[in-house]
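The same chain A turns up in both complexes below, where it pairs with chain B and then with chain C.
Right after this comes the complex of A and B.
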């Protein structure tokens, strides 16, 4: 009780818990992720014409534009697409330009290359952008001003547009009404080529090339390439070298045996044969992307066991293609990148073991560097990349390649050394759970339980035996002590992550297992700044499944992964990432004890329904159907593990308001689109009783409505419709507290009875089931997309409401004190209310900058935030995921049970030693003095 | 005016609904299900406007029940035949309890959920009816805007106190002093 009071006092003194400066970047971590970079839209580029160093630009598969410093892999800027646009993500940049142009869905945007500010944006309504090129030259003259963009539209309104490079305005539009499928656009100094896939009623698809005038956009010429019956689908068409002197289009047959290449603008088709031997799985064309470079290109052949390549030269005058030389076939996987320097073209071959550079003119190797592997890239092979080469006097002196590896790491290899790796496979996490490690304590508890069943003597022997067996670990433990003490005093100790988790006194080291959209599973140690402990690709366990949004559940020692497209589930060991067969797991039933049955609930056809013991009875025992026209958008249940330290709230006059603590509370949110109403329903999930309702009018139901429930309170937030005629508009946060009775020192009809049931009849006077609900609403400055509550071990520490703010890319922890629905309205709090920590109600809650958990980090695309208790009561672990990954720990009532970083252990030890020494010195003096005084008196 | 009120009257009152009861189908255990299909339990008349309801008829479920038997108390949709409601123990229908039916109605007065609770029965009725309208959610309590007059000053200045109101205590003191001083002067 006194402890509680002390806590309440601490909370009153400083209700705002902030991230301390010396804690920032130590207790928290942030992965600012992009996603897997796309091959054709990743390039080195100088951010402005006179810049000395170049940056690495990319657009990822989830259409996030990112710019990375090639030196250290740090993010310079990024822009995440706010919506999942259809069509490919494209990113192009003209030579010597200070902007980069991107296209995603129906948006074409130009960004300042050095800081990522928006220069212009154009939307093409009702169409998606299929391709985007920069018009480098016009009539053979390079435009030094902003270069125009050529956009290929598809899906609805096929056509080509030329956009002004400065403003984004349309200069001309060429509309294609032939019904062809737009495929690519390419520019040459004099012509724009629009390539489409013509599919006649009978027969195979044909490639149709339309040449357009760059100035007017008028059709100059059109021809169809006689492709016979080779082209079956888009996947078999290869394209390379847009914007070059000789843009190429190529296609292969189904077996990848014959390669046919056409120089766009000519009608001739050259046929080449793939190397015989191993069947070729994939053919990739690599060509330079500069207008003034040599018209050379490389064809890469990938087989199941290795890869090889041929280099071809294009004779522009004769419009012929001839093979120049072949690069030897190598075992294992690898990739090629193209880079230019003036007119010269260099090809860099990157494998997991070495990097070699050759010139496009001859097959002599200009430079060779063995790659020193790192643990992060173990077992992975390069998928694609881009390179920058420095060649002096016919030998490559330096090469750096940004390579995407097969395990999802994006890394830069500088002269054979791995300069940095970015764990891009972690982006777009759809589900995350706190891993439960198999606990030793539990085993101990079982052993102790076993003793209870025996008679006294055998139990005693059992106990002694166990102690003797435990002595085995004693020498190792003794040996470990100096290390651990030293590690404690000096700083970090060298331990592997799993060991760290086992030896963790404070419980900060916890494993979070995350799964991404694509089915990549990873374990991160939240305590050691989000270190990736292991990561695996789930596709290796079920090659046929395409994962869409897998979900997970954690059990002791393993996680269960489920996906809509997956039959059954996959079980993965939490500590190693290894597959566990379902036979090895003793399937533990849910928490229901013997003689009890469990009621579960789920959303069925838009109604919330409760079931008795899911397996045996498919029929609902209760159903909740919202009023006609309403649609359930979400429901939130009280967390299974939600410890409450005090069953009452002590008022200023020492009376107590008893909390309504029902473990089965479910908060259901519904909306009606037509009347712009949002309602919340509080249900008891055991009986289906409706405990509380409230509905709000003039709500913008298209915006997210987030809600959470914990202890004896729940909260939700919504947006008031901007067209409504209410007295105030904006974003609102509602917080409700439930008590057993409106009167202090009254436990309501249930009294102090230890058990209560919502199913069995009650003998109390009055309606037992209903809580007394206190509500208050506040305006908040920003929209909340998700909310959750901190969790601590015993629930003594006051809670914090963690809200995700998508508009400012942050996570804010609102102290419970600030959103207490008992704040006095329209008057100052009385002395008693003040002693409770209540302050006067203000209609607006401003998010104190000190409440922001993310301080300098920008958290983009946060989908969900999960919390967990740590080993100590004061602290709760927080983990946020989505596009980015962020983890931190919060102490809502301050870290009252742990020494801060500012505590100097060495100084304390020195002080103790100094005191001891002084005592040694002083003791004889004192003794002598005492003896003397005895003799003299 | 009166006529229009009279015309509106029949619309406002007299909604009626039937609460049904049926048992939860037998699970793996051997307990049989005494009421396999919904049977009427109570007939309730209610007026959503005044939140008043009255019981028309009540037929308690009969059969061999044990407290483990679970009964579903529900409203049924006449069109789709679906039901919505809560679950309670069969023991709730014992005579020693007061049963309370809670009918949750939406803004239009349509019932959408039923609740059921029991409490100790004293001399009162065995059945209680409660009609609960969906409450409006709380709104932020805004501060009052400051209204200025044409001169740009606060309009409702507090009226000036009169001389007497302001200095009554000084006068009183003066009078008291006069009395006291006068008394001593006589001596």
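Right after this comes the complex of A and C.
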């Protein structure tokens, strides 16, 4: 089969360094994240009726559905929303069902609860789902088969739909043409209540409750509740009870002093007063969501210093609400969770110190567990959670609570012990940089430099003093030796502590500082499986700012954080996460030496303009204006640190093609929507000169066009548009190499001159040298959303093109050899070309599974990949971020300067011992022979 | 061109929406029930691709697909699937009747080939067509480490050379002893004549061996050979 043949060809074409099985999961790490879980959509649930263990289901604030094993916090399955849909993310589950139903944007999907496969999916075009409920009972009878879903639509087409639980087909639709803002649906065993916010032209908003028949969807009744101008928008409504035997709706006044509760279906409003004393900041109502549970609920009052709660009972016959008892006020923050067992309702109070369980019937404490804190949760308090309680003979024997903490850790507290924590605060990283540590080597270099200035004697004394000072590390080093040797031989070397980042031999322990959408800053050690070294909330430094997409720059010892909504910038110490005031930072002299100036460039009004850094007047020294109709979509510059080991490429006949190496290269991508054309322009950023242009027709300009540039080559990829009758379809990857001259052993027009200037080319020899560009295109099976190149210390190691494939959730490292534009076309390579490692050109590159850096991990939502050199030449560090976080290290030319796990140290030792023993045996033999030979001759 | 006819048909009918399903049958290679829930299929033509999740019944459902020619790809962590070309068109059921009906056709397609270069047909029919997708191969992500195997150890040329020289060193004296005196004398005569052991005792030569001067290439033969060799180029080669 042709495809098989191609696959085999691709496999043998580039024997790239793949991941070794014993290295996988050791040199790399992956945080499969969900995001911060939403309170009303996090629950324990059995994946199917009759299952022994329950799983923890949640939908996060970025609409990722995740299912976690409550035992160890491992992800069972997850489905990330590919569309940034409007509206809230909702997740509901019926009792005893084997599906969970989610809604995000205009999609309502049912997922198999145990493995996350799709059961059905329905789209409501032109509307967003505002609320979702499962119809537990119909006419008081529990449906044993698939339970139907009730969907509240808003934004354009307000209405209520009932969807079949098996197929997702609509059973009936109730359309609301009154112009009210839909708020919530609530079901009772006999009726469906549709609650909307009625805002008349004059006067305060009113709550309108419409009761619908579950069978036909016809309107049965409608009434409005006067809220006395308490409710202006939906944020003012505290709670609209879902699925309880007596659904409730509750709201407060603006000062949080008075709580008003209405039992849905009745017109009476009960009024309760919040506890006097400290002003109440927030009121939260916790009620069970099971139909057959007791109609009890808990109201939590949060103040600035503490929290307290009252428990209320609903009398269903009289339709009255009465206060049952109060839970004592506690200092510090805490949260309550509700859990049910048969008809009984239990409330679990979780604080940072203690977990207590009370029954809704009486205030007697059924169980109390002190919480043993962990460093991950130090200083954090519980925000919200969900619990499962086991009660035997009126005492709670076990309780487990999945709690979201204020520092973004989602953890499970089992009987007071922290069973696991998931660092959900790391999801949706928008920017990441490699931290530059204040290097010790530099300090040493300074000391040695200082010696050079002194006279001989004092320099000698200085040197001896330094050596004596260094001796103090000697005992510790000596003590460590047995441990290190033992650890090395057994092969179970314990991961070095974070303090060891400075004493890292191979340079694998590099810190990456990441910042998330919401302004949370964290440092991860890529060398020790992404361990979180520190993490802070930027909001504590500027409480008024709401971070949208902060950006960072790294300097020696600190990072600078900027945001559009932030005035100035925040400086954070890279190793500790502490705030540094801008005065403490020594103003670093620019990288440019005396008499030189830097040119920076930026997009201004759709043109790319270059500026002189030193000049205060922002006058462009060059402008790149794309041709009429073209729009610049992106530009990529050659990395500042891009060492090149060899200035030429040695051909098979020992002649040399000289690389075009210009440090100031910028690749600009432009598109024309109307003619579906994409063009790339290669510019010299010092002079603004155009060096190369190439253009492609029939490009799907709505899809990402990624590009990268390194050394003397650049590459970009795009999607072919089907609108015109193209001869081929799919995705293309273009790779171009630049040489000084098309002829080998020739350095082009500037070959003889020792200096050349791109700014004033005419003063040199003729025109500025334009590169000779070799360009080749390949078909690729998948779309590339982002590409970058590996980096090594000296640039000796061959580079790998790292491409992100969003469709298969992976990152692939394409070896340079496979995408060499000099691969011979239409003929087999000659012997000389073969000696260069060139193979015959094939029009497609299939991504060999062995090229995948992520192997079995599935990286969802990768936005960007950054690379860095490590301490050794062969290896480059890779870090990918987005929704997930992934880090690994790659050795594109194999790990030639470090012993891998394949090196058997025990075997080597045994060999040495065996040799030694054999020498011991042979030595007397040889001696005897020598003596004999002396006697005989 | 067939495709342009399709697009013309699409324009004429205004909106048309076909519905079909990609189904994974159980084969010897693959039990589709074991696939991960992140397995999904995409239909790409223009703009954002249409995405379908894997369902409980091991299939991908595509609803409301407008007329056009699509590249269908199944993305799976563990298996490679063949790409398909799926054409959706509106065609008259009976010639001249004016009644349009959705027709779905599926073929194999090949990456890096012309779009019109279709492979085997994978199905043709109206709405609700079930197209089977087959896995080509499982994906192997890991490199195997070459472990220690005694046989491969013995096969390596270095070890073979060492073994051969061992046999020579230990076997020669016995051979010499077992030779009859005439041949022995002849052999010794030959050895004396040979340039290798000219005059001196080889053992003595070995003992007086000056390693430093040998490494510096002090012998006459070494110098002459160096002079002739294209030294800089050979360095590059390495």
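Criterion: the second predicted complex is superposed on the first by the 817 of 937 C-alpha atoms of A that agree within 3 Å, B and C clash if a C-alpha of one lies under 4 Å from a C-alpha of the other, contacts with A are read in each partner's own complex, and residues count from 1 in each chain.
Here, a residue touches a chain if its C-beta (ideal position, glycine included) is under 8 Å from a C-beta of that chain, and two chains touch if they have at least 3 such contacts.
Keep in mind it's a predicted model, so treat the numbers as computed, not measured.
K.L.:
Once the structures are superposed on A, label A:118 by its partner contacts, choosing first (chain B), second (chain C), both or neither.
P.N.:
second
K.L.:
If you stack the two complexes on chain A, which partner ends up touching A:778: first (chain B), second (chain C), both, or neither?
P.N.:
A:778 contacts both chain B and chain C.
K.L.:
With the two structures laid over each other on chain A, which partner does A:808 touch: chain B (first), chain C (second), both, or neither?
P.N.:
Touch partner of A:808: chain C, not chain B.
K.L.:
Which partner does A:728 reach: the first (chain B), the second (chain C), both, or neither?
P.N.:
both
K.L.:
Once the shared chain is lined up, is A:332 touching chain B (first), chain C (second), both, or neither of them?
P.N.:
In the superposed model, A:332 contacts neither chain B nor chain C.
K.L.:
Could you tell me if A:687 is touching chain B, chain C, both of them or neither one (first, second, both, neither)?
P.N.:
After superposition on chain A, A:687 lies in contact with chain B alone.
K.L.:
Between chain B and chain C, whom does A:843 touch in the aligned arrangement: first, second, both, or neither?
P.N.:
So A:843 meets both chain B and chain C here.
K.L.:
Tell me which partner A:277 touches in the superposition: chain B (first), chain C (second), both or neither.
P.N.:
After superposing on A, A:277 lies clear of both chain B and chain C.
K.L.:
In the superposed arrangement, does A:901 touch chain B (first), chain C (second), both or neither?
P.N.:
So A:901 only meets chain C here.
K.L.:
Does any part of chain A touch chain B in one structure and chain C in the other, and if so which residues?
P.N.:
On chain A, the residues that contact chain B in one structure and chain C in the other are 726-728, 778-779, 843-844.
K.L.:
Would you pull the chain A residues touching chain C in the complex into a rising list?
P.N.:
Result: residues 1-4, 6-7, 17-22, 24, 77, 79, 82, 109, 111-112, 115-119, 121, 650, 654, 700, 702-703, 719, 721-723, 725-730, 778-783, 807-809, 842-844, 846, 849-850, 852, 855-856, 858, 860, 900-902, 904, 907 of chain A touch chain C.
K.L.:
Applying the document's contact rule, which stretches of chain C touch chain A when the two form their complex?
P.N.:
Within the complex, chain C contacts chain A at residues 1, 3-4, 7, 36-38, 40, 42, 44-49, 51, 53-56, 61, 68-71, 73, 75-77, 80, 82-83, 85, 109-116, 119, 136-137, 139-148, 233, 236-237.
K.L.:
Using the touch definition from the top, list the residues of chain B that touch chain A in their complex.
P.N.:
So the residues of chain B in touch with chain A come to 24-25, 27-28, 67, 70, 72, 74, 82-89, 91-92, 94, 96-97, 100, 102, 104, 106-108, 110, 112-113, 115-120, 122, 132, 134-143.
K.L.:
Using the touch definition up top, name the residues of chain A that touch chain B in the complex.
P.N.:
Residues in contact with chain B: 597, 607, 610, 612-613, 616-617, 619, 621-628, 679-680, 687-690, 693-697, 726-728, 732, 734, 749, 757, 759-770, 775-779, 825-826, 841, 843-844.
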